[in-house]
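Okay, so chain A shows up in both of these, paired with chain B first and chain C after.
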Partner chain A sequence: MLTEVFTLRQSEKEERLRAELVELVAHHRRNCPPYDRILAALDTDPEPATLAELPWLPVRLFKTRKLASVPDDEVIRVLTSSGTTGDVSRIHLDRAAAATQSRMLARTLGTVLGPRRLPMVVVDRAGVVGDRRSYSARGAGALGMVNFGRDHLWLLDADDRPDVAALKDFLARHGDAPFLIFGFTFMVWRYLYEVARDHGLDLSQGTLVHSGGWKKLADQAVDNAEFRRRLGADTGLTRIHNFYGMVEQIGTVFLEGPEGGSLYCPDFADVIIRDPVTWEEAPVGTPGLIEVISTLPTSYPGNLLLTEDLGVVHGVDDGHWPGKRFSVLGRLPRAEARGCSDTYTGGR
Partner chain B sequence: MTVRMRFPAGPDLPVDEVLPATGETPLAVGDERVVDFLTLVSRRLLAPALARRHPELGSLGFFLRRRELLRAVERLHEALGPQALAFPRGVVFHIPPANVDTIFVYSWALAALAGNINVVRVSPRSAAAADTILEVLNDSLAEADPVVARTQRMITYGHDDAVTARLSAGCDLRVVWGGDRAVNAVRQHPLAPAARDLTFPDRASFAVLSVAGWAAASPAARREAVAGFVNDAYWFDQAACSSPRAVFLVGDADRAEPVRAEFVALLGAGARDRGWEVDAAMAVEKRVGAYGLAADGAVARMAFPDNLVATMDLAALAAAPREWLGTGTFGFVTVTELAELVPFVRRQDQTLTHFGFEADELREFARQLGGRGIDRIVPFGAALRFAPIWDGYDLFREFVRLVTVEI
Partner chain C sequence: MELQRLRTVFRTALELPEEAEVDGLEYRGIEKWDSLAHMSLVATIEDEFGVMLDTDEVIDLSSFDRARQILEKHGVVLAD
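Let's look at the complex of A and B:
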């Protein structure tokens, strides 16, 4: 599997990233006054010796404050992510940042998809992309991915029912050569896996790229290993790549290796698992909060973000690709306080 | 449209059977039968085994002691004089907050002592202490006069607007706790023309620490003060309306810095000693809150020495946060004298906890405020102590109606 972006061993990557990020942090401080005020209040070291010492922001801050490093008139796109509580992240991209993110996403996924566009099944409905000016998370995910394929089949109809006849037709035309499947993990399971199994469809030439987490499948006792095993056994689909990414670091995806089970960091990105008490880097094998690191964000200060996801590093420079390999274990529950407020919310 | 009967415990009832048919109360202000019942409840709450499990029920037990109840009735009559007679309002509908387990009892007990028929909505999300109180109330019923069970009702129902509407239309006084959102939501439901609301909207609270007073205090007094502050701040995750969100150091700026440092050190130690913990989710919440404030330019310096305590040196007095920023997040700002706080204070501000001041200083400050904000000024450690005068209301007075007789 040829790759342009999974090449660096950890020590070399850390030194490169550290140097680039020192510059990027300085760039954002110059151009994003709220970000500068935060780092000034934290009195951070402008040139720390290690990657782990660079200052991170809690990712949810993009839901409570506008943080952009370019003037409003240079913003060509504002990405939003929907949160469970209704508040959304707002991510401001200028022309250069938008171009970089899609180019780097293409290089990352090109590692597993190859250089040519493949016929593509999207496990979603066409309408999910919707209004191009204001993206939903699901729509943005699908829209970001459709460029990697051609002759698209949107598997679901307007009522979210899988169109089995259309899928059979797609496989009759494209099923003998490599093709691409994209979808959110639980939707792939519910709408593609079950349909393909029940109709005896052959997906063995497909490459599946999926994301979105396991929470909705937990009650069916389906984890990553079971997902891969059953898809392989029942549909022949074995090229399966989960990925982890978020709108707040658009263009950066942490991609599951071909052997399955571990996510890898592209050369321009990394993760640090932090102990939630000391906030120091946790040792290999010890779970903690995931800090995602990427050099891509230039139009907003999103290079170093503490997520509310729990993860664990399984190993360093010991997997299919070099660098850290890790898993996402789940989400931190939202903090809830006792207190006098917010009791009766009526019917709304 | 049925509701769960929590007190007196029993089968679910249709909402129309929760309120007595006539709405006329058979009770008098300070009714002996109610006093007897509350006394029984007080004794049970003060039983050592229970108080150990739920320390907050101990203060409730003290509040309901016979002597306290009789004194409240006596004070009312004294204040009224011979020309006014006090009677129950009629039916009082209480909507207490879900997360502060004991408020519903204070609110209800005073209204019951005033002789009212009461319906209390106990939230389905209420915590263990609430269940314990309901058990105590039900256990005490056997020895009580049957009129108590006939007139006092505690019910639970989900977000059923129809139930709220029915009870709102049938009451003489509606008591709404739980902040702005709760008040606004409940106000969608009309009251009878002669009825009215007693509302407890969102409030913010602060602490003042005298630099000179701190210097004059013994190490033991300082530790005790901080222990009280820890209780004020951490008991309800700093989210209670009366929990301090910021500390104003009052005095000489140069001398304030070491005082602040010692206070923060004792605060961390005190919170740890009391066994308070801040989990990962809350620690992240605090970063989101404090970083956001810093992004706005309100914070000159912030520090997160551990998950329990986060400190923010505020850029200005006006930057002091009124919103909740996560458990154990404290703004600090130094002012030369209390009077400097006057322009900062708003109607929304409720409790000011204090340490190291003379009584006259605090009274003078209250006069300067002129009632435009801050309803109670209490020592460190007393922020959460419920008092019958709350948010500027003398609750017992609110629960009675007056009839005047002039000769």
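Let's look at the complex of A and C:
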């Protein structure tokens, strides 16, 4: 697989990212006064020796305050996402940041999809985009993906029922050459996998890109390995790539490699797993909170974010692509998350 | 080929009135050219001019002028 963005070994990546992020942190401090005040209070080292020492923000900060590094009249999009608490993150993009995030998402997914736009099944309904100005997270996710396809089939009708006839028709036209499937993980399972299995449909030429987590499938005992195994055995679909990403770092996705089971970081991004009590970097194999790192955010200070997701690094420079490979284990239980927020006193 | 055809494509795909000025349009510069309309614009351009755009070109197609340049790359030269 030809890739432009999964090329750097960990040591080289960390040094590059550290240098770029020192500049980005300084840029945001100059242009986003609330961010500058937070970092001033933390008394952080402006030129730390390692990536792990750069100051991070808890991702929920974007739910409680406006953090933008560009003037209002340069903002062309405000992305919102509702979290589990019902609070809404607001992410401000200027023209440059919006263009960069689309381009880098394309580079990342292009690694597994190629440059051509493939006929595409979206496991959602066309109406999910709803009011075009107030995107839901689900709608925004689907919209961000449609650029990668053509001749889109929106699989679900207005009542979220899969249109089996339309799917059969799509497969009759496109099913014998590469095509693309996108959907949220639990919806792919419920609305595509089960339908394809029950109707004996052949998805073997498809490439599936999916995201959204496993919580809604836990009661069916479906995890990533089982998901891949059953899709392969029952529908022939074997090119499957999960990804992890969030609106607060729009354009940055951590992508499952072709071998399955591990997420990889593109060259402009990284993760650090942190002990939820000490905030120290956890060793390989030890679960902790996921800090996501990306050089893409330029119009808001979202380069270094501590998520409320638990993850674990499986290995470094030992997988299909170089760098860290990791898994997301789920959300930190809510009570603990609140505790983290209460006791949060800063990155460093 | 006439540039007028590209203007018509823009008006059709973006649901603009027949007399709407489109030469200076930019992606997200008007409410009607949002990401959903963008896909309909791309599909209409492909049908009208018989081309297939790559993902990078779909992302790069950020204005009327860029659309004209991208079509030129595909050998479709539009005269004023």
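FYI, the second predicted complex is superposed on the first by the 335 of 348 C-alpha atoms of A that agree within 3 Å, B and C clash if a C-alpha of one lies under 4 Å from a C-alpha of the other, contacts with A are read in each partner's own complex, and residues count from 1 in each chain.
Throughout what follows, a residue touches a chain if its C-beta (ideal position, glycine included) is under 8 Å from a C-beta of that chain, and two chains touch if they have at least 3 such contacts.
Just so it is clear, the model here is predicted, and its values are computed rather than measured.
In the superposition on chain A, A:Ile76 makes contact with chain C only, while chain B stays out of contact range.
Counting the residues of chain A that each partner touches, chain B and chain C differ, and the larger count belongs to B.
By the document's definition of touching, of the two partners only chain C reaches A:Gly110; chain B does not.
Applying the stated contact rule after C-alpha superposition, one finds that A:Arg161 touches neither chain B nor chain C. In the superposed model, A:His199 lies in contact with neither chain B nor chain C.
In the superposed pair of complexes, A:Leu61 makes contact with chain B only, with no contact to chain C. In the superposed pair of complexes, A:Ser102 makes contact with chain C only, with no contact to chain B.
Of the two partner chains placed by the overlay, only chain C lies in contact with A:Val146; chain B stays clear of it. Common to the chain B-facing and chain C-facing surfaces of chain A is no residue whatsoever.
Contact residues of chain A toward chain B in the complex are 34-35, 37-38, 41-43, 57-58, 60-61, 64-65, 67, 276-277, 279, 289, 306, 308, 332-335, 337-348. Contact residues on chain A toward chain C in their complex (touch as defined above): 76-77, 98-99, 102-103, 106, 110, 113, 115-117, 129, 132-133, 143-144, 146-148, 150, 152. Of all residues in chain C, those touching chain A in their complex are 28, 31, 34-36, 38-39, 43, 46, 52-56, 58-59, 62. For chain B in complex with chain A, the touching residues are 95-100, 103, 121, 123, 125, 127, 159, 161, 164, 176-182, 185-186, 188, 200, 202-203, 236-243, 279-285, 287-288, 291-292, 294-297, 299-302, 304, 306-307, 312, 324, 326-327.
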